[in-house]
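Handing you this structure, nothing more for now.
In this document, chain identifiers A, B, C and D correspond to the written order of the chains, with residue numbering beginning at 1 in each.
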Amino acid sequence: MAENGQRKLRLGMVGGGQDAFIGYVHRIASRIDGDYELMAGALSSRPDVARSSAANLGIAEERSYTDYAEMAKAEAAREDGIDAVAIVTPNHVHFGPAKAFLEAGIHVICDKPLTSKLEDALALADVKPQNGAKFLLTHNYTGYPLVRQARQMIADGKLGTLRVVQVEYPQDWLTEEVHNKQADWRTDPERSGAGGCIGDIGTHAYNLARFMTGLELDRLSADLTSFVPGRQLDDNVHIMMRFKGGAKGMLWASQVAPGNENGPSIRIYGDKGGIEWQQIEPNKMWFCPFGQPRQLMTRGGATPIGADAPAGAEIRIPPGHPEGYLEAFARLYADFAEVIRSGKDNALLPSMADGVEGMKFIVAAVTSSNNDGQWTSL
Amino acid sequence: MAENGQRKLRLGMVGGGQDAFIGYVHRIASRIDGDYELMAGALSSRPDVARSSAANLGIAEERSYTDYAEMAKAEAAREDGIDAVAIVTPNHVHFGPAKAFLEAGIHVICDKPLTSKLEDALALADVKPQNGAKFLLTHNYTGYPLVRQARQMIADGKLGTLRVVQVEYPQDWLTEEVHNKQADWRTDPERSGAGGCIGDIGTHAYNLARFMTGLELDRLSADLTSFVPGRQLDDNVHIMMRFKGGAKGMLWASQVAPGNENGPSIRIYGDKGGIEWQQIEPNKMWFCPFGQPRQLMTRGGATPIGADAPAGAEIRIPPGHPEGYLEAFARLYADFAEVIRSGKDNALLPSMADGVEGMKFIVAAVTSSNNDGQWTSL
Amino acid sequence: MAENGQRKLRLGMVGGGQDAFIGYVHRIASRIDGDYELMAGALSSRPDVARSSAANLGIAEERSYTDYAEMAKAEAAREDGIDAVAIVTPNHVHFGPAKAFLEAGIHVICDKPLTSKLEDALALADVKPQNGAKFLLTHNYTGYPLVRQARQMIADGKLGTLRVVQVEYPQDWLTEEVHNKQADWRTDPERSGAGGCIGDIGTHAYNLARFMTGLELDRLSADLTSFVPGRQLDDNVHIMMRFKGGAKGMLWASQVAPGNENGPSIRIYGDKGGIEWQQIEPNKMWFCPFGQPRQLMTRGGATPIGADAPAGAEIRIPPGHPEGYLEAFARLYADFAEVIRSGKDNALLPSMADGVEGMKFIVAAVTSSNNDGQWTSL
Amino acid sequence: MAENGQRKLRLGMVGGGQDAFIGYVHRIASRIDGDYELMAGALSSRPDVARSSAANLGIAEERSYTDYAEMAKAEAAREDGIDAVAIVTPNHVHFGPAKAFLEAGIHVICDKPLTSKLEDALALADVKPQNGAKFLLTHNYTGYPLVRQARQMIADGKLGTLRVVQVEYPQDWLTEEVHNKQADWRTDPERSGAGGCIGDIGTHAYNLARFMTGLELDRLSADLTSFVPGRQLDDNVHIMMRFKGGAKGMLWASQVAPGNENGPSIRIYGDKGGIEWQQIEPNKMWFCPFGQPRQLMTRGGATPIGADAPAGAEIRIPPGHPEGYLEAFARLYADFAEVIRSGKDNALLPSMADGVEGMKFIVAAVTSSNNDGQWTSL
């Protein structure tokens, strides 16, 4: 059983066979709080890989599939069929499985971005889930306790009226031409869609900004570049943003910034104060009330706002015992388990609508960039 | 099954009932890599707490015990009995269960310090484990990838001959008199033993220094203090150390240092270079070759030593995706699963001998402090 | 004489009377290396302020002027006239004095930006200096040793072909409406010109980017905002940049970013590596060769590039003595001057008794150490 | 005149000839605020060095001495004799000059430690200064604004009753055997006294602890080591301290800690809070009120204690301008002095053309912004 005394939810997985990165992350995340057990999978479209991967993970032979549609149908028919499925395939194989499982009445946990094309995203949003099947998009950075605390502080007006949002996501792993399983599909328009860096990590940055600030984007002006010779998709993203209500922002995402392994960060300023957070040190956050010294907030630590941690920012271990990426990822899984059990949505969890918004952002950025930076609405 | 295709090991737990801290940590650690499943427990000596805690965790009623001796006997007798047990009780209840399970041929994972009295530790070391039962002491800070990398680099001579070791472990949670489940037994000589702060966290610091440097302590001079009025055990520890071979060191541990949530850190200097690491940012480590710029090493990142990560420093997710306390804890569980399956010891894992060394360290420190800082051998 | 054995240069100043900020900074800067002595000034256009400010600074009465044109003429005519003049007035009073002194054959040190209007700048550039008079614009951030070292490293190709330049300059002092001598002219189009934040600090950021990278800007796309109600000039600057040769960049300057006292910073990435520098910690700089660990370069410290510090990056005091060291040292001298003048002791100053105490400390430490750590009184 | 309108004090110097480090530092310190002018010196005991050093610094030939006793006598006799003398010789040549000048009625500024032998220190303390001559020992770290602010906060009870003091001063420049002017006398008992590292930097650390805390040392237990083969004096210092009133402390000083250029730091904890400060980032200080978030105090920045900066903690330039700012500024002045003297331009100096470029940048940015972000050339 789960740590909280509930029945473990039965989980399936589409994608995530041997050598996959994000499927492995999803599995760890599903285990941390003990809410799920992996029972079925279409781990690869290659039968041999699917079979050996499944065997390795203890999935019964008859519940190892090579076709997601068949899996959705078969699992829906079983008495002990899976409660939820995790979709961890490349972008262009999100739409099909998500649609199939939702229509089969099975809850869906889908990696981001939602799809590879905006029209697929819109079509997916129109799908009618059977049996109240729920949907979770794993914008995992929203699972960090301090990200959620910042969201609450901003909603509570601790920063006053927001003015400036500086969000970044630099990496360096594509600084040179590189060929491997991870790099290949991410730089291939067929599998990634029209955006490279913008779709892979730019959407994370944009989602983080939206999640924390609650602001709605009005228009953007983008300058996308592909620096590595021969690369078909952008590897550096420069965007200026104008939000509804007057706030302005900048977004920088790059996969060619040497020295930056993986560096989402965000700085948000209002007329009463600022907040600054960097994923590389996720257990710390600066709160800068105007005219007072900076305060270093910690995950679960003493707070300056005279309040308990906001709902959703629960921690597993005391402050000073650093938590990380996997724990934040697991927070989404744990919260979604609660959604599944209770049938009640959780506004903190990235949704289908967030996924559609992310696809619109990619399309707007590519369009603006193709039009010499013209300010473009979503 | 485990992520690696092996049968999950059946785990039992002694202690760790409702409101326990470290038992919860052990359970998460046991789940992260999928190597264990919790099947039995003596979660509390209070029958009602034991029962409800077990029910909550999905432990079958007949495998919920209130007495560890009975549990050891019963589980050893079952066909599907537990492979290993985690002992997560206060210090004075380590010796009994550890002895019982080892003698019942069941592998033991025991929290630190080994026991509350040195004589118990020595007696435990004399126990003859049945059926090759293995023993793991959870000095969890040794599970951090960069701690293991540092150990390897030092063993490889990257720092030259070691000279100075500065190790610290400040906390602040006992700055004022406090009463709760965690604080009460830690400040009670009956349950903790003769050392307070020295036993609770000083041993972690000492173990970290030994693990990383490979040095053997020759003598120490200690000054232990109990600052909070009425507190029976030390809450601040100052120790000077002389290692065999000539290196010197200082150890500071404190539970009354406001602003320090939980701050193990270590700095090691030799005649060719230095290494500095802080647990609060466990994914970073400074390597300071003498006469060259400081290099910021990252967990799994590019290394300056022209070598792959050393054995035991494997990471789960790429650099830039921070890992933390739970992942380091889980590393010990995963490595111990491999020890159990293979029957082969792993020199990186804290052992019974390390536990005895830790107890000798506590006794020597208390003795030296009681003798006005006299240099005292272990 | 100057530290280097040369005659001190005679310096004049236009602006910089009582309550001025930047004039005071220029005077300190002129004294540090002993190269200049202040001999004349038109410190204010208000005669009484000019007179009392000059008297205070030891400027002879006949060399205190209220009109810069008169000053230029008079000083040029003197045998012992000033060699150089520092112009430290608001932007709209740069053009006039700069022209006057250059045409009088007197060297000019002028604060930035050059003028308040582009046409003035172009006109000034057309002025023919007499007697080979030289001109210096005080973009002071280019004077940091590590900024100069970065420039040299980039010129030497250490970063390869440049791709991305992220430069920032956030402040927070104009977060709210504020009225004082500094704020008033900076937010007044008559005195500042058409740019507010862009002229006051955006130009510093842009100059820093050009200085370090050597890149030439091709085109920019800007979004300037005035967030504080009623403010006439921009207080936040968002700019995307395209450099000749293909590099891209972003520039953010803001005076409404709470928590940022004064934060110029720059990050530069090429296809071989990156460099990152922040003014708030000017003695450190990250050098990130692609595929290797980050290296922390220090002012005057060991370098990874196998070279001496480049020309112009000379340091006055060794690495590890942050440049604040000199100011702290000077604080003792200044306080002691006050003691000498007033005859009153200052309890903050280290005394003879402190010196005796220090000697006792040394003796006690040596004695204790020689006695195997015996606790020893002073 | 000085910046404050007072007559400049006439300064003499004993020691500080060519190649000296600390004499140069004293001269810069004496110039920054304009309070002193160097008029006389016994800069070296070697006549040729004394003469050429003096000439270089503009000291009149008749006021360049080779014997400090003669200098004291001669200067005391002059109408325009020096007001104060700076003694910047090795430790064993502090006593003689200090005594001579105090007895000649001339104020003394003396480098630390006071003397090379305790008996000299005691004898010096017994000297009767003539004409009210004052004495200053340059424990320069006490001059940092935040160090003084901490002292005041502690005196005001912001930390409550003090308990623990952790003070350090690591360096690495003596990691290997080294021979040069600086190293030779510091490692020679004849010139340094009985202490090596303890006297050179350990006293700084001890003084810093006393200055900030106001605590009086009761007893200490020390372990001094000389790690480098053949070195006669200690190069590593480990000390445990017991202060009057019950506080405890540790002091670590080392000159063999690779990676530490020059790192005084101090952490002070009481029953209400803590303060942490590191010299390497002197413009920042942590204030940790127990049970609240850490606050990052800055030099001259917003304070959490509802008070103006304490007396003596005055700053010259606003927060956010690290004190290195002045040195960087001064670099431009120094380089420009060279341009003036030589008539040769320096490509590193910001020019008229840079100023025009800056104005074009402002105009382009304003234009682009007014045209909805249109890409605009300069």
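Points to keep in mind about this one:
In this text, a residue touches a chain if its C-beta (ideal position, glycine included) is under 8 Å from a C-beta of that chain, and two chains touch if they have at least 3 such contacts.
Only a predicted model underlies this, so the values are computations on that prediction, with no experimental measurement involved.
Shared contacts of chain A and chain B, meaning chains that touch the two of them, come down to C, D.
Relative to chain C, the chain whose mean Cα position lies farthest away is B. Interface comparison, B-C versus B-D: the higher number of contacting C-beta pairs is recorded for B-D.
Chain centres here are Cα averages; for chain B and chain C they lie 51 Å apart.
If each chain is reduced to the centroid of its CA atoms, chain B and chain D end up 44 Å from each other.
Chain contacts: chain A has residues 221, 240, 260, 291, 294, 298, 301, 373 touching two or more partner chains. Contacts from chain D toward chain B in the complex involve residues 163-164, 166, 172, 175-176, 221, 223, 225, 227, 236, 238, 240, 242, 246, 248-250, 252, 254, 256-260, 267, 269-274, 276, 286, 288-291, 294.
By the touch criterion given at the top, residues 1-5, 8, 21, 24-25, 27-28, 31-34, 55-58, 171, 260-263, 279-283, 298, 301, 316-327 of chain B touch chain A in their complex. Chain D makes touch with chain A in their complex at residues 287, 291-298, 301-304, 372-373, 375.
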